[in-house]
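Two complexes follow with chain A in common, the first pairing it with chain B and the second with chain C.
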Partner chain A sequence: MSRQLSASIVIATVLLAVFAGPDMRAASRTAKSATQAAQATGSVASTDASQDDPDEVRAVPLEQYASPVELLFSPDGAWLYVLCQESGEVQVLDASSGRMLKRIAVGRVPRGFALSPRGDKLYVTSSWDDRVAVVDTRLLRVIATWRVGAEPTGIAVDRTGTRLFVANRISSDVAVLDAKTGSELRRLVAGRGASYMTMAADGSRLLVTHVYPNPRGYRTVPESEITIIDPQTTRVVERMPLHSIAGTFHVALSTDGRLGVVAHLHPKNLVPLAHVEHGWIFGDTITVFGPDLGMGPGSAVEVPLDELDRYFSYPFGVAISPDKRRIYITNAGSDVVTVVDVRRLLAYIHAHPGGFAENLGASAYYVEAHIAVGANPRGVLLSRDGRRLYVANRLDDTVSVVNTASNRVDKTFALDGPKTISALRKGERIFYSARYSFQGQIGCTNCHIDSTFDGLTWDLEPDGFGIGIVDNRLLEDIRNTAPYKWNGSNPNIQTECGVRTERYFWRSQNYNDRQLADLTLYVRSIPARPNRWRLPNGQMTPAQERGRALFVRSVDNFGKPIAVKNRCVYCHSGPMGTDQKSFDVGTGKKTDPSGLFDTPQLTNIALTAPYLHDGSARSLEEIWTVYNPEDRHGRTNDLTKDELNDLIEYLKTR
Partner chain B sequence: MREMGWLLKPAPLAGIGCAAAVLLSGFAMQNSQAPTASRSGVSAGASPSLEIIVSAAPGVMYPPEAGAGAGHEAGVAAERKSAADKLYPDGVHLLLVQASKATPLVPEFAASADANVSFDGKSILFAGKKTAADHWQIWELELAGHKLRKVIAGDGDYLHPLYLPGRRLVYSRQTGHGLELEAALYDGTEQLPLTHLGADDAPVDVMAEDVLEDGRILFETGFPLGTASVVSSASSGHPELYLVYSDGSGVESYRCDHQEAQKLGGRWGGRQLSYGSMAGDVLFTHGRTLGRFTSPLSAEASVVAPAAEYAGLAEASEGNWVVSARRTARQSFSLMELRPGTKRLKPLYAQAGMNLVEPVIVAPRTTPRRHPTALHPWTTANLMALDVRISRDGNLAAVPAEVRVETLGADGRAVDLGTAPIAEDGSYFVTVPGDKPIRFALLNAQGGIVRAQRGWFWARAGEQRICVGCHSGPEQAPENRIPAVLLKTTVPVNLSGGAEGQK
Partner chain C sequence: MKKLLLCFLMSMLVSAAMAAVPKMPIFRFENFTVANGLPDNHVYAVLVDGDRVWVGTENGLGLYENKHWKVYGTADGLAHRAVLSLALDRRTGDLWAGTMGGLSRVSAGRIDSYTQLNSGLSNDVVYGLSVEGDNVWVATAAGGCRLNTRTGKWTLYNDRNTPMNEIWTYNVMATPEKVYYAVWGSGVLELNQKTGRWDKYDDPDGENEMVLFKDQGLIHEIVTSVSYVDKILWIGTYMGDSRYDGRYWHNFLMKDSGLPSDFTNLVKGVDATHAWFCTDKGLAYYDGVNWAVYRPSLKDGRPEMTVRDVTGKVTQIAVTTAPAHNYILGIDFQGEDIWVATAKGLSHGIRLRTK
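Here is the complex of A and B:
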């Protein structure tokens, strides 16, 4: 094991199910596993028979899987930098042979990196540390870390190497940093969940995408955008709309800047989910844009990748070949790279001026190949001559090297990391795979992006059409929040992920018992990401303190006692903020089968708008100002605007 | 509904009341044409370990619509009870062919046909009659120990069984209104009618062809669906391939490029391929040519193959095809080897005076995905269309005023179940009777028909289903928007004709 990883050795101190997380497992560095848990999971935790307590396990080094997500070349193309999300490092490989040269620990859950124009510095975001690590590429070590915004994800450097741009997922903005000092110069508002970015080769534009749809009205068509920034003026110059899109990932520009492509999801959350076939739940699409379309300024066309009987789930990474003949897209849920013939695509676009985003028969006319790669392919990188395509396979710790002339994988580089696949890792693979749903259309992560949520409300079929609209709930730290579903009808995660998912979501045979156990283990293990509103050492701001007092208060502003059952803390009790029971708090609609709803946990509630069971409250404030007219959802109508703000400030710390 | 053959103008009840044909996997047998002699033996190039089971019959009528309807013109239930025997007038028996030898598989049976190999390759289902006086019943044979088990038995004929995942099987059952698909557990219990077409005076025949990897049943019947016009018209009514889930829900055409297929004589004999570049494709025949459905295309794709009549295809594990074929109608069908992409038929096995049809390979294969039924405990079904204007036949410029639902009476006549309004975005939401033939027509404000469905289909009791448009094709995914009809009410217009309802 490398020195860097030795520094991150895990001492098992809590149940294994607690520490293993989603794409962010590196977050928890200490854990202890019960014997049964270790045995059940087949994990790397091991027991010591000499100990008195059979549930105790001795401290064991627990090496993290690498989980590669992004790739970069050194300026001379000799080295391949591989950003490894779970092990929290950059692995440096010989780009030709795949030989490991160096492992550099960079922080928790890194999601993006960028190379300075001279190639002497590598800037890496650590999304769970809210920091950017600066790696000296000659020394191959971190020489500085800079604090940035909440959950930094994508990062880019301007052409002069003087400014850094960092996409902050939680604060939904782009921070502009001084590339020498890391000091923040400016914040630019981006789309909700700002995450991925690309800089035009001439440095004239920076394109930024975001993983959650922008806030809109109740049950309206989701809208996303590409935020276009002028790196020189550090201003947003355009917000290119992506209509009907929610879940936008990588964006790429051709070298000449005349052709752009962005990978995304096209959800069908407003249509009753009566079935899966015919692209009923998600469309896997890209949008192409730019002057090469020949359709006038600002034109963009959504392009489906799916077929009639086969889906290419979760388009994530994109690359355009130097000659602009091919577009490469990783389909993270289907374990393939889709190759699009640009000339044929443009011909098809011109022949179908009305658009064809819903035509599952279209891709036959421009998709050239599907290349099978490793599990959960994410970032892609083309060699400068376009002859080789490198693909980061997140869930099998490999990099596929594709010969772009033959569209075949020539080599596969294995990254450093554990070679045994734990039950937890198997469960994670299941979570991110679409293979279990009908015709491979969707996986768990379609609605729970990076094991979180999607910001959408859905019309599920079992209740009827247009009935029982439900907001998608966050998956973080849910293991002790049973029952599940808004109506509380699923007593455990096994039921939620097994029978219910098979019948009403996948509409196809899904998991065997072992797979369901693995998936359940994984879902139970998803941790809460660090709460950005909490102060160190459990301290609170004055507003948070005032809000907490309101949360637990027993007397209203008029001196009248508040009935026990009408106090916030009555239902939202315990460490998770739920008493795990159902109540009618007056939020039911006429289209709801019942007014009884499971009390939702409050974990990271600041992140998960919209709110209430059907997502009708666009903000926390609206829960009380719009949807609590009779104080049935707690006594709140006596509160002033400032007091409501205090209450919200407290809730954000949960 | 998109998959059921809409016309631009009101259509007559094509085929209703006409005689039906009995289709048996795309071929029918009759002794009116004597077989011609052919050589016997397996070619030297065939793998000696390859085990093929084939139905061997002295006579064969091919293609099916050429004369199979002759015995059905009366179209009455009593006449149809013996329909299965008409397929095998000179008898038929299963042969196990291996290394140039053919052995009767179940010599103790008076007749046997329609072999289907289990997913583990150890057993077969088949239709058989122990004595000539028996009905056709469904049997299972363990190949290693020759252990026989009667699976499905009853007063009528049961034909063409296929293994389903989840320890179930599907087969065709002779009913008073034609051959209908039915599913059951391996032990023969929990028999579940899957298809609901035809009437006593308007019989329709349905035969399962294959179970696809995704768990859906590929079946064959006349086009338009639910009409008995297979034998009645030269211009329409040829067989077509359809899909249904194993609980009888979700019936639809495999593809909606019907016009070209009907010109070629229809499609039948569908098999999903598992190997090579065509893995996942569904191969079928038009009679003298082969065609295939691929995942990317909304219309059929061509298949390079020699001109011949085809009566079955099986995929050998190495990727070669074993086909039942003959060059001319005067020859018997024999087993040939066909390498995909080539035009050469290599003789594999023939038997003098026998047509060897419907070959199956004895080998393990991938178990299809089980379909988890989500039917509700209702007697009715809820159907919605998102925008009736959308159609492969050309989008309508204006939104029709109403949709009319009809069901099929026992006498084969359409029964009006009423109308429902169509919302401004082209959506409607109705409750229809479950497990009965139904069809839709779009009406203008004056009650005139704008478009009407030519065929019939059904919705399973407890099914909730949505179509993008009316005959919009399986390539059309839904637009992401709330149907306007649901913004008015979430209660469907009850056009169930008095069915008991839902909750």
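Here is the complex of A and C:
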């Protein structure tokens, strides 16, 4: 290969990385392009796609970082299956040595996997393909892919191996599938952004969490739940409330089912963000529950992990030791695993019956250790004897093996993937890290879960309670939507992510120029998820077509011309649905410093309720049925209900 | 001992009665009012889910389970306190409640509500509901609509896209093949789900309150209820009832059937030949030939059961209990038992065994 050609490939790769973003890089590659890339570099593509459906499983893009997020053992404990989100594969390792045995391409942005009871099949969700890949664990190849719901994330198998349960993040439900055929039997309503699940060892219960808070009234305390499903009847039997919680991740049960733990965020979005310095914006907490608490049926206690001057940000993965003496939690924003002494925790709980979720002095009594691991630790897995804890370090492409007797990392397995750290990767690490904020409290991802949004409204200004309330906007594909912030005061992402974030959010000034450049690069690269409302052929449904006509119309239902500035398409113009200017559309409140607001982009607008600058509209409908009485936010009051529904059907395709 | 004696006497009475008249089901009614836990005496709808009984009342949604009442109201997220209609998704166990202020889904205790302002729901007054697969079909005061629970998409049905002359839909029954809307003043609408084609069934007499063409079409335009079972469409109106088998119509009027009234709030078919009629003057059961009526007597309020045979002969059956009121609004089945919604209480009809 000539030097020029090599240089061209390198430049092309860098450009692709810069402008496509990590998920998009994975997403945009097809089996064909990966094979071509493999031929060009002389590498071997691992394309174990289903023979029946070869185009449905994407090839492993060789340049991709692995980004491990979840771990599983083979039934005999000899193999470690590592679910790699960015490279879209399962890497199979020797669990003792970490030696790579096989790479299996499973689809775009996989987020969850589960083994059949006999261990002969591994079911993997690919959240960007809306599919479940079925891996034959003997052949180590995909033997089928099944179409499922929107953005499948967590997955579990019942004890008999006959039913699969898949948490769909976008449709906020759990699909029940026939484990033999993949046919969907029913959908069960879960929490908003249904994502992670765990099956009780005896198969009696399936617990499901969700990453966005359930919809509630404007400026009310967020509420979440653990959805409890009876796998036999496939019905939801209980919803365990998680008060004040938004952003719930992994949940675990002890082997005997008597102790449960769930990791989550406790946002305090009703007070000004200026209170970071008071330790008052995000609590990093877990909730423990179950009969072992000794507090009666249905009891649950929220437990803080933070300390007075040091935070353990973004609790994500959880595991309970077989003897129930320890709980392990990954703190994804702090790059540590927190070890909780269960006996001491229970004693503390009994000594403080009124609760202590906001007592930052409490954790000293039951946190046994913080174990430093790799960058952005996510899923955890205990060996059957409880002696080793495996930790998936998402932004290190490593798996830490912790000796649970010494609470030290014994070994670190390096996964296959690029060994050099790109600027983009560095930026992603900054985005997911809390180290840059005051006392390590929060990172960008606290509010932008998985680089998206959080479904909350925030009081970002330091000018008092209830002033300048703003809805959290989606970060997908924002690179060409400047200016930023609802008041449009930040002309570019560098400003948005730099001084403004440091000063108002982090209460620190920790980024150097290079770090800010890397972070900006990453934020610019965040792609839009596939839109689930668009038809695959690019055409529109009749309702979407009618809605599009309303979006661009120039005459109202009474035959009167609509002023140019009062047409939807005037402000929401261009490919991103924004003219990048500010307008007063009559939605300002007395508590807003100004009635002028930046025109928000429409990317994946269907996903991001609530709406308007302050999140006062709980749904797209309310933007016009409640908050547009004078037609200042477009001429809409002449629309029939049918037409408004059509307009919304169209907007969902944006 | 007293109970035994009572049962013996009841059995004797029942046996004696049945020897002379067609065998019709006899019930012992246990009635619920606010005095024993019912949220409100005005019960619009009742729905049985196994051992659980849901009731929609003027002041909340009630759940009767293990002999205890749990009441859901607006503080729990219910769209409105007055619950007019109920439907169960039997695959998931989720309950849908149509209220005077929107549509609510009750799922393992969590209530999510949809209104005409916050969703694509056509109107907040939800008179009727039916769950079919992933779809929730809704009858509202401003047309019908369908919510696809997987996609979240709302589809509206009204005078713009169906042959609906009036948009006051009162009841809906959906199956994978056919969907029927009862339209107050506009007959019955039928949607063929495979072809997407709408058909309309009208009273051949028009809006004339006289019945000139009996058994030649729908009995009346003011349709309150539809029930489609075994490919038979049972229809309730304020001026009599109809049965349609896809080809032939048979109409029922008080004057030539066992109906206690022509004013029917709801009809519920059991199969092709059996149906229950909830009228303003009692609950009626039709077995294809004979009729039974259950109610407090219109004269003195005493429990009353009558049976009308094929010849028109009416026989009084001695009973000691009756539904809570003769204004009947709804019925559902629990094995051989019935649960009855009335304007002044809920009634559990416990089927008595007869020889």
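What we mean here is this: the second predicted complex is superposed on the first by the 593 of 654 C-alpha atoms of A that agree within 3 Å, B and C clash if a C-alpha of one lies under 4 Å from a C-alpha of the other, contacts with A are read in each partner's own complex, and residues count from 1 in each chain.
By definition in this document, a residue touches a chain if its C-beta (ideal position, glycine included) is under 8 Å from a C-beta of that chain, and two chains touch if they have at least 3 such contacts.
Bear in mind the structure is a predicted one, so any value in this text is a computation, not a measurement.
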Touched partner set for A:575, first chain B, second chain C, both or neither: neither
Which of chain B and chain C A:298 touches, first, second, both or neither: neither
First (chain B), second (chain C), both or neither touched by A:491: neither
Touching partner for A:618 - first (chain B), second (chain C), both, neither: second
Contacts of A:270 with chain B and chain C, given as first, second, both or neither: first
Partner chain in contact with A:593 - chain B first, chain C second, else both or neither: neither
Which superposed partner A:77 touches (first chain B, second chain C, both, neither): neither
Intersection of the chain A residues that touch chain B with those that touch chain C: none
Residue ranges of chain B in contact with chain A within the complex: 165-166, 214-215, 250, 255, 280, 294-299, 369-374, 382, 384, 386, 429, 464-466, 468, 473-483, 486-487, 490, 492
Residue ranges of chain A touching chain B (in the complex, touch as defined): 219, 221-222, 244, 266-272, 274-275, 277-280, 283, 304, 306-310, 358-364, 367, 438-439, 459, 461-462, 464-467, 502-504, 506-509, 591
Interfacial residue positions of chain A with respect to chain C in the complex: 149, 171, 173, 185-189, 214-215, 225, 227-228, 233, 235-239, 533, 543, 618-619, 621-622, 625-626, 640-642, 644-645, 648-649
Touching residues on chain C, where the partner in the complex is chain A: 91-94, 105, 107-110, 112, 116-120, 122-123, 134, 142, 149-156, 158, 160-161
